[in-house]
Structures are given as C-alpha cells and as structure tokens.
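After this come two complexes, each holding chain A, first together with chain B and then together with chain C.
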Partner chain A sequence: MAVRKPPITTREYWAPGHAACAGCGCAIALKLATKAFSEAMEEKYGDPNAFAIAQATGCMEVVSAVFPYTAWKVPWVHVAFENAAAAASGIDAAWKKLGYKGKILAIGGDGGTADIGIQALSGMLERWHNVVYLMYDNEAYMNTGIQRSSSTPYGAWTTTSPPGKYSIGEDKPKKWVALIAAAHQIPYAATASIGNPFDFVKKMKKAAKVDGPAFVQVHCTCPTGWKSPLEKSVEIARLAIETGIWPLFEIENGDFHNIKIQSPGGGAKVKREGGKVVAIEFKKPVEEYLKLQGRFKHLFKQPEAIQVMKEQIKAMWKVLGVDVILP
Partner chain B sequence: MAESPFKADIERVEKEYSEKMTPGAIVYLPGSSVINKTGSWRVFMPEFHKDKCVRCYLCYVYCPEPAIYLDEENYPVFDYDYCKGCGVCANECPTKAIVMVREKK
Partner chain C sequence: MPIKKVMKANEAAAWAAKLAKPKVIAAFPITPSTLVPEKISEFIADGELDAEFIKVESEHSAISACVGASAAGVRTFTATASQGLALMHEILFIAAGMRLPIVIAVGNRSLSAPINIWNDWQDSISERDTGWIQFYAENNQEALDLIIAAYKAAEDERVLLPAMVGFDAFILTHTVEPVEIPDQEVVDEFLGEYVPKHAYVDPKRPITQGSLGFPAHYMETRYKVWEAMENAREVIKEVFDKFEKTFGRRYHIIEEYKTDDAEIVLVTMGSLAGTVKEFVDKKREEGVKIGAAKITVYRPFPIEEIRALAKKTKVLALLEKDISFSVGGAVFADTSRALINEKEKPIILDFILGLGGRDVTFQNLEEVVDIAKKALEEGVKEEVYWIGLRKEIL
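The block that comes next holds the complex of A and B.
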C-alpha cells in the first residue's frame, strides 16, 4: 500500500505536559495553528521559525505557561486580557524597524477578543499591522469558571446565565467577531472549526501569507464548560458545522458580496449560482448537536426555545447571503 | 521504535530545569512543560491495533497533547507518559484501530 505523506508538518511547537483538560478542543486548535503557521513561514520566507506569539489571558494561556515551565517552543509573550492585539502591534513595529522577516500571531479567547480586547483588536486591524489574530472560541469564560461572554450562543447554560423558571439560560444571540473584523476591510477574515482541521490549517496558512492583518475565529469544544463527553470533542465541533450552527466562511478585503462559504458536509444540499453559495438545505437537525452537551439539556423541556434558536441561525446565515432550510 | 520529537526537550529539562525565580519571570527553556508527566491523569488508555491501521493520520492531527507521534513507517506511536486518555483518537479512528481500555493499576 502506498503511504501518503503526513497532511501537516511534523515539527512541533506545542509541547505535551501542559495542564489543559483531557479532550480540550482549544489545545487541538493551537497545536494545528502553530504547525500551519510554520508551514506558511517556510513557504513565504524560507524559515519555518519566523514567527512569534502574543497571547491574551485565557484558558490556553493559563494551561500552557504555568511558571516555571512553558509548553511553547516559539517566542511567546503573555499579555493581559485586553491587549494581545496591542502587544502584537508593538512586536510588528519593532520587527519592521529591526528588519526582521516574519509574522506575528496574536491569540485570544472569546472573552479576551469579543468582550475585553475588541478595542485593541479593532485598533490593530485599522493600523494595518502584519499580524494574524486567532480567536479560539469556546463560547464562555472557561478559564475563570464558565461565565457568559458575548460569544455565548443562545440558550446555553453558564454560571452567570443559569436556566430556571424565569430564564432559558443565555437569551441573546451570539456576537460574530469575524464579521466585525471583516468590516475593517482587512485582507482576510475567516471562521474555522476543529471539526474540519484541514480547512482550519488551510485558512491559517492563507492568513499567515497575506500582507497585512488577518483574523481567524476557530470554534473549539470545551468538555468542561459544555458538559460534553471528552471523546466527543471533535465530533461535537463537526456536528456544529453539519447542523448549520457554525458557518465556515472567508471574507477577503471586506467584500461582503463575495463571501466564500465552505460546504458544511453531513449530507447538506448546497445550491450555487455563479460559483456563489445561495442556499443550503441541512439534513441533520440542530437537536443532534444540542443533545450531546449538558449546557443545552434544559432546552429539551422548552421546545419553543429551540425554535427561537433556529430562527436565529437562519438570520445569521441571511447576513452571509444564504437562505437555509433546517430540518 | 521511533524517537519522540520531544526527546531533546526532555533531556534538556532534566538537566537544566529549576524553580528559581527569574527576572521578569522569563522562562528560558522552550517546551519545558514536558517535565509534567500528565499520563497519570488517565483512566482509560488507548490500545493500538497496527493490523487495522490505514495510516490516515487523523489521530495524529487530533491529539490535543500531542501524545501521538509517527514512526519511520508513519504509524502512530502513543506516548503514555503524556496521554491524558481523552479518547478523541479512538472516537475519530475510521477503522477502529484504536480502542480505549481501562488502565491497569
């Protein structure tokens, strides 16, 4: 049997022994992101190590760099919750002055990006720094004990949005930071998911190769905060794509009329017109994604909440210019 | 048997690791987290059946640690010093060449 080459570089930048929970989806995302970045740097500058990381406080910062050790094998700096983008801007400015070739990766969680760090992020994108911002979206402040963030989806349980007699959990729709970033007319903004790792790697490489700022929002499972089984981490992320909860799209130069949408898979029928996706008929019901997670358990007692959720999913796809049919 | 890609880090950390406070809390040893043998967290361990493996690399891509590396023939090798036993590899394996079995004490 002919053996294919490994689909990704075997160089490692994320060492084992870090303190992430077993089955952590965000750890998968960071491992793949650094590998993709190294491949892109090798293709663009001929040096696979020509990158540095500035990371905001968050789960992945706390688990990877517990003093006196670190899981990173690349120059890495920890900055406060709000200023990963600002620190990355500074590194970029210094590299320009020193004549270094390479790219900076800024990493933030959904709290550090969507809530606390959005001002610094917006400034970085607007000043056109040569930085890729990676937002790992596990949909709440998992590091401090599962508090809601503005990226928490409708209906989810968190410690600060508890469901009960008068509440259905989080009652507002999710904020899509990728769309906000794209509105800065930056060269590249995309969403990805660990449920489709090869698509994620492709997008990270593309983001690393553009000149100027880029933004990638990656959906990753948190078994602790989502109350989901450890071994289903990747399966849940994949179901989010297949049921229509998580769209995979790319927006280049802020061109909202030509959004590239990746096929969700899972038997969904995609209708294209002139190369553009205009309608998707999903075959897997949203309930399949919800039932694997304890944070949505209460929704099955309130079926009308699932209907509201479906309406919100349709509205979100409408923003992307796609009509969807949900089963 | 292939060598772990972190072998050099493990050897270096064993020699140079210290818990002394550094100026600015700078960590000078890259990848020094290998000093934590997180394999002790495990309840279920992945058991690999080489005869069923088709070398699709999915376990290698998905392992969050990473506690899976590739040998000379590109078969996965499990690093039980670090595997936390999450079972993502066994769940995603298309040919069920990885099975989770209870850890023997």
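The block that comes next holds the complex of A and C.
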C-alpha cells in the first residue's frame, strides 16, 4: 500500500508539554518554523539539526523553558527582551570561529521586535549575520497582559488602548516591520501567516537557505488577547489574508519595485501585469475578520472607524504597489 | 622574551585582549575607551588577532552579543565606560546569572548629568551588585596584567563569573607609560584554552540556556552566584600567585604600603593609589605615621584583608571617586560592613573626591590628613567629607 509522504518533516523540535494557551497561534508558528528550518538545513547542509535558536523574552519564551524543563530539542538561548538579534549575532560569530555549519534562528514577538528590539534587529541585519529573524506577530504585548505595541492594528482594544468616550481603541496604524527589515536590502524579507501554513513553511525554508540575514513576520492569532474562540485561530488568521488585512509578500535584496505578492484567496480577484500583482479586488469584507474577535467588538458601534481602517489597509497595499478594492 | 613598549592603558587593554585570544569581540565606541576597539581592529586587520569583531550598534548589543557568543562556548571581550556600561547594566546581571566569564575593560568615567567624559569610578562602582568580579588598575601595566588575570579567575570552574577591569579615564586611558608585553606562548600556557562544560550551542548536544526560574529555583541560582563569588576570593589569590611565578609581577587583593606602624591609612583604588603612595612618602619624611592601601580587587570585596588592615591602624580614611547619595562612598559602606562586628575597630572616615575628572592634589590629601588627625583627637565631625569642592560656586 502506498503511504503518502507527510507534507512536512515529522521531526519535532518544539515538544508538546509547553505551557502555551489553548489555541495559541504562536505555538503553531514555532512548531512549523522549526520543522521548516530543519528541512532547509537538511537540504543545504545535509544535517537537519544544524541550527540553534536565540529567543527574546515573551510568551513563547516563558511557556517553553521553565526550569528544569524545556520544550526545545534544539540548542536554545534566551537572554533578554530587546536583544534576541544581538545574542544571535554573538552565536553566529562564535559558530564562525568554531567552524560550525548551519544557521541561527532568532525569535521575537511583535513587542520584542517592532518596539524594544528594533535597534538590535537593525544592527544584526545591517551587519549581515547568518541569522533568520522570525517575528511572531500577535499584535500586542501578550505576555504582560495585552498592552498595545507599534504592531497593534488600528481600532484594536488592548489594556492600554481601551475604547471609551474619547477613544476608538488603538488610534495608530500598524507598523510593518517586514518593510523596515527589507529596507536593509537583506537577501530575503517576507510576511507569512499561520492561516496559510504551506506558504509559511515555504518562506521559512527560503529564509533559512539564503546566505546572510533574512526576516519573516508571521501573523499569529492570540485567542487570549484577541478575545477570539480557541478553535478558530487558524480560520481567523486565514480571514486576515482573505479580507486584505494581512498581505503575504516577499521582498528580495530590498527590491521594492519587484515585491512578490501571494494571492490572498477567499475569492479575491488578482490582476497581474508582466507577472506582477498590480491590483486585488477582495470579495470578503474585513468585517468578517473583525467580528470573530472581541478586541474589535466596539468598532461595530462606530462604523466610521471601520472606514478609517479600510482606508489604512488601502494605503498599506499602495506601499506594496497594489491597488485594492475592499467590499 | 617579553618586550617593553610605551603605550596608553587603552592600548595595554587591547594588547591584553590580543594575548588572551578571544574568539568573539563585540564593542561600541565611547570616550575614553574607544582606542581599545580601534587597536583591536588594527590587530585583526593586520592578521595579528584571529577573532570575529562584531561592530555593534550599542553597548547593550555589545554585551548581548558577548553573552550569545559566551553561551556558545567561546572566550569573549568588550570594552566600554560610563554611559556604555550603564546601558549594559541589565545584561550584566544576566551574564553573571548565566555564569558566562566575559571580560570587560572599563575606562572608568563619570556618569551624566551633566555629561562629563573624565574620570571617576561611578560607572563600575554602580555595577557592584551585578555579580561581576571587579579589578581596578593603578597603571597601564596593571591594566594589561589584570585583564589576563581576570580571564584566569573568571574561567575557573569554581567561579565562572564575568569580570571587569577598571582603569581611570584619561589619567590612564590616554597617558603613555612603558608596559611589558608578555610572550604569547607564556600567556597561552597561563590561560589555557577555554572549553566550558556548561555553556555551548552545539546541535549535537542541544541544551537550553536562559530558562525561566520560578520562586522554587530562583533563590538557589542567586545563592550559587554568591558561592561562586566567595570561591573567587581563593581563586584570585591562586591566580595572583601563579601570575607572579609566570610573569614575575606580584599582585595583592589589597596592596598595603607602609602600613605596619601607621596611625592613619589612606585607602583607595585605581591610579589615585600612585598619588597617595607618593604623598605617604612625603608625610613619612615629615614624621607622620601614615600608610596607604590600594584595593585591587573590589568584588569579591576583600573583607578579611580589610579586617587585617584595620587591626594595624587607628584611622582608615577611604578616598573615593564615587557617591551613593545619602550614604556616602560605596567602598566606605563596604569597609564599614567588613568591620561592623569587630570588637575593636579604627575610626573610618569617608572622603569623596576627584569626581568627574577633578584633580586630586597633595593639598587635598593634606586636608584629609588634617581631618584624620583631628578625628583621632576630637572624634568624627562629619558623616561624609567632600574634598576639593569649590564651595565658592555652589
């Protein structure tokens, strides 16, 4: 009887028993990221284990390494909140001197990457370390109890952006770190989502295989912080892609004129010119994404705020060189 | 054969690093330490040092990269001062807690505000509780020697704590002196290769470093750092013994100078010790029974050595270039702690001087001696004496 080859390695580097919340999208991301890394290392160096992780303080750090236990079956170092990229730089340098072949995976959440860690990230990218930086973006400081970060989207409730008489919730548009990373003209920068695991794995492998630095920003549902149903984490992430909230793109060598845009699905009509995506007409309204999450509940009483959000989404796509129509 | 070269303390520190052969160096420029990474860059450019030099974007990343590299099991080095060391503060605790024997050369400089690039010890003194071993150099030779000794002590399995070596901004960092450079083979033999059993990032032996410590374990990790620092007392003595046998220069935890019959002992650190020793000679000629003591190892704090010194004298006058507001000098506080339960103890006087590059003159030291003499006759009048303060502009 023919046995179908599994779509990704069955090797596990992120062991069950970690203490992440039920339905945690970040835990899914880390499981897939390490598997993808392993496949890439096997293909590039003939050794599936030829990698190590430097991780920032944050949810995925505290749930995975509570002494004397560990969820990690790969060398793993945590130093502090803002310096995963710098610690990874040090490990990379040490590996060069020790003659180890392989790649370092730095991991940080959106707070540890977009805010407090952005200086160390920029330094690591600019110095051309052989490091892939994975930003797991659950769009707020979840580990400390849901405070806004610069990656929190417009309109979202967090404990420091509560809606009220004088507040619509978070009042700034999301900062896209993948674009900032790409501006370093690094070999590879991409966005991904747990809502499209195949695309995410493909991108992680690509990132892991380049010589030099790479950056992947993966959208991860946080049921605790987003106030969303535990069983809908992947569905919600997929809706973010299908409604135009979360673009999937790749930028190689900082070439902003040739951004590769992945088709969002969800019935969206994609217009290409010379192989490049130039326009997308989304069919699913952003409301479908918003309504599944308590963090956006208040917006339905303020439809003008949803309009503002839609204008921001269009502006963001414009930066990517794509004209979008939102229903 | 060792050679002698005329050089600044910064260059001596770079030479020490070169001789110690760290595999990874991460540094960021800051006055007055900048020459250290500059000189190291030249060594690497000329093929004289085979190391990865990470030109980081901040001191925070300098120490973070050192932690990453040291966790990966290689010898590391960095240099900084003042604001740079303060920016490292958070990670200094982590380096000690993760038991990574990183060595930092510190060009001791004041802290802002107001911004000031000149010498005092506030930068490294303020890091006294981070779990780092601290050495203070009197001259450029000591800067070189103590960095090599620091590696030896820090990497000892009974210790495994990071170490910093301080040398005074400009007074040493930018002043040339003849310095003996030991032979590479002799340093190699002295230090040996660093192959840690506890810290490595090796895919063949995956381990987790930097775990979360719950209340059930955290306190014990702090105790282990305490224990390692206690062990460092003996280890540093052994290192100094071996250093003398190997290189011919003798170092002491506390170096005493003409203390045997001294009624007053001026206790200090760093380059000020040189001034103080010369002043002691002058006063001895005048018939004053005075001596000096130089604290070379400030962490672990030399409690026993302070007690032994205290038994010999009637006044311990602490001369310090640092201030813990509302308390006084940090070394004074530590000295008092060493003597608190002694049945008989000398008068201990707290003198703050030389902050932010203010020169410490013989005139200042005369004032110190006058106060000490008066204290012997009339008792202690003030909790803290500010020496050389320009009262006219206050």
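Definition applied: the second predicted complex is superposed on the first by the 324 of 327 C-alpha atoms of A that agree within 3 Å, B and C clash if a C-alpha of one lies under 4 Å from a C-alpha of the other, contacts with A are read in each partner's own complex, and residues count from 1 in each chain.
Criterion: a contact is a pair of C-beta atoms (placed from the backbone, for glycine too) under 8 Å apart; a residue touches a chain by one contact, two chains touch by 3 or more.
Quantities reported herein were computed from a predicted structural model and do not represent experimental measurements.
Residue contacts after overlaying the shared chain place A:Lys31 against chain B, while chain C stays out of touching range. After overlaying the two complexes on the shared chain, residue contacts for A:Gln302 are found with neither chain B nor chain C. Judged by the touch definition given at the top, the superposed model places A:Lys73 against both chain B and chain C. Legend: residue contacts after superposition of the two complexes on their common chain; A:Leu230 is shown touching chain B, with no touch to chain C. After overlaying the two complexes on the shared chain, residue contacts for A:Ala65 are found with chain B and with chain C alike.
Once the two complexes are laid over each other on the shared chain, residue contacts for A:Ala52 go to chain C alone; chain B is not touched. Contact with neither chain B nor chain C is seen for A:Ser150 once the two complexes are overlaid on the shared chain. Residues 65-68, 70, 72-74 of chain A contact both chain B in one complex and chain C in the other.
For chain B in complex with chain A, the residues that touch the partner chain are 5-6, 9, 13, 17-20, 22, 25, 27, 29-38, 41-42, 54-55, 57, 60-67, 69-70, 73-74, 79, 81-82, 84-88, 90-92, 100. Interface of chain A with chain B (complex): residues 1, 3-4, 6-8, 10-12, 14-25, 27-28, 31-32, 64-74, 194, 197-198, 223, 230-235.
Looking at the complex, you find that chain C touches chain A at residues 23-24, 26, 50-52, 54-58, 60-61, 64-74, 76, 90-91, 94, 98, 200-214, 217. Of all the residues in chain A, the ones that touch chain C in their complex are 47, 49-52, 54, 61-62, 65-68, 70, 72-80, 82-83, 85-98, 100, 102, 119-120, 122-123, 126-127.
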